[in-house]
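You will see chain A twice below: alongside chain B first, and alongside chain C after that.
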Partner chain A sequence: MATYTLISSNVLSSSAASVTFSSIPSTYTDLVLRISARDTNTGAIIGSATFTFNGSSGSLYSITKLIGDGSAASSSRRSSITSDEFYYPGANAGMSTNTFGSAEIYIPSYTASQNKPFSTFAVTENNSTTAGNSEIDAWANLYRDTAAISSIAINAYVTFAIGSSFYLYGI
Partner chain B sequence: MPTATYDKIATTTLSSANATITFSSIAASWTDLRLVFVVSSTSTATNFQVQFNSDTAANYSSTYLNGNGTAASSGKNTSATNIQFTDVTATSTTVPQMYTMDIFSYAGSTYKTALGTSSQDYNGSGSSASIVGLWRSTSAITSITLKTSGAPTFSIGTTATLYGILKA
Partner chain C sequence: MSDNPTKVIVNCETGVTEVLPLTAQEIADMETARVAAEDQRKAAEAEAAAVAAAKESANAKLAALGLSADEIAALSK
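For the complex of A and B:
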């Protein structure tokens, strides 16, 4: 039986500040959110999109980051924050035109009545020799809530560009 | 109609603490395997390990990239008796952690490569790691055993799911 099912998708035909998946059924084991995105902000080489589950904006999120920027690897942490995040390219002159970043957010056991560990893997590649103009992110994330995840709201750094795509799969 | 390519082979949720979780009698019907588990342990001083086909000999090796929230590091384990997901010094007994392992061409007759991830964030501590593992065996993988280092066990509620992925 096939178990990788597209729940919903949103491919932007006009720029948008946010994308939301709501009424996510509890019939799957895991959720996978696959994103191809670029921001319209000309001030950012790489920007941060934020996302929340179930409309929760309390200090329920935390991240342990592992980042490679083409020059060095580093690790850092954000604790008790009000949203989670992932990095993706902006429209700064240092970022080549038409370059979109890719991200996969994998949420296992999203209906389990326990805190939700999940992972974020995001990449931006820009054919640039400048460190920080491309990036690979492998992050550990935690959402400290025992309720099943039934909605995901994603907010752009400023505005998601036309052509940005968001696919939510249930496994 | 497109062919189904991502199948749930088996899933286990522990109703009592247990030292191991085993998926056995894995058919050779797929191209790759994907293991996803959400786990907590009865002890903070543990790491999680994988063995194939009940092989306890020193046929495994791995290289990892780890971030502990302060610094990134890389290391390796050679001629080991398992693939260990990470080399952290402390896990959590109360906050579940997520691990994945993709095992490529598991039914082939070459050595088996596995790509693992470890996502352990405890809101103020924890780590993120990527691991590449090798099992030096030409046998098809027919069973996978998850175990803990040392005496601790997997806690109640630990969930492990094995998926089969078929080439398009």
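For the complex of A and C:
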């Protein structure tokens, strides 16, 4: 049975453009990052946060996506991109007030000397069946690097709103 | 982007959390990543809409040929 140990967390008391967990210990088997977030941007109903490992800026990430957008299901794929991502609510008038989205990023064997597959599950519920106004994501991801993951940087669509929370667990 | 965007750095080893202003390069990099992700998102939505429209059109044509709804559904199983 997996045992979750909280490594670090941060709940924003002021808006921020990014949150980085640095000096992640290598003493666990897996990492789990749990996020509850909302963006301050009023132009977006749903925005994309990007994240990278170890400060890498190379084309090291690939994503295979299953997406429900409130109206229909779809799938797509992105290969050799410079960051991974997840979707979460913005502050557009089309988004329910004060609604935060949830995301879980599970990274097994984060210290293994091989490329690292990981999963992302995210949901932005907007009580809407209009395409693009809600989103449920189940994604399979790949980070092509053999170094242990020691930092995770999460960049907002514009800025993460006050109250957005970030919890990093070791398994 | 807000006037004074900041970044939060949580050091998991020391437990120390820093709040620092973004550099100009960091702001530019974030904007590049944001635009790329948004472009991809729009492309994926357009592709999904096109596929849905094509399916609807195909089903209508099959129905016009005399296939029942069950027969049309069976084709995609």
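Everything that follows uses one rule, which is that the second predicted complex is superposed on the first by the 168 of 171 C-alpha atoms of A that agree within 3 Å, B and C clash if a C-alpha of one lies under 4 Å from a C-alpha of the other, contacts with A are read in each partner's own complex, and residues count from 1 in each chain.
In this section, a contact is a pair of C-beta atoms (placed from the backbone, for glycine too) under 8 Å apart; a residue touches a chain by one contact, two chains touch by 3 or more.
Small disclaimer: the values here were computed from a predicted structure and weren't measured.
When the two structures are aligned on the shared chain, A:Ser76 is found in touch with chain B and with chain C.
When the two structures are aligned on the shared chain, A:Val158 is found in touch with chain C, with no touch to chain B. In the superposed model, A:Ser26 makes contact with neither chain B nor chain C.
By the touch criterion stated above, A:Lys65 is placed in contact with chain B and with chain C alike.
When both complexes are overlaid on chain A, the residue A:Asn115 reaches chain B alone and has no touch with chain C. In the superposition on chain A, A:Ser96 makes contact with neither chain B nor chain C.
Contact with neither chain B nor chain C is seen for A:Thr42 once the two complexes are overlaid on the shared chain.
With both structures placed on the common chain, the touch criterion links A:Ser15 to chain C but leaves chain B unconnected.
According to the touch criterion, the shared surface of chain A, contacted by chain B in one complex and chain C in the other, consists of residues 65, 67, 72, 74, 76.
Within the complex, the chain A residues that touch chain B are 1-4, 29-30, 62-68, 72-77, 79-80, 106, 108-109, 112, 114-119, 121, 138-142, 144, 171.
Against chain A, the residues of chain C that register as touching in their complex are 1-2, 5-15, 17, 19, 22, 26-27, 29-30, 33-34, 36-38, 40-41, 44-45, 47-49, 51-52.
On the chain A side of its complex with chain C, the touching residues are 7-10, 12, 14-25, 40, 47-48, 50, 57, 65, 67, 69, 72, 74, 76, 78, 81-83, 85, 87, 131-132, 155-159, 166, 168.
On the side of chain B, the complex with chain A involves touching residues 4-8, 11, 36-38, 65-72, 74, 95-98, 100, 117-130, 157, 159, 161, 163.
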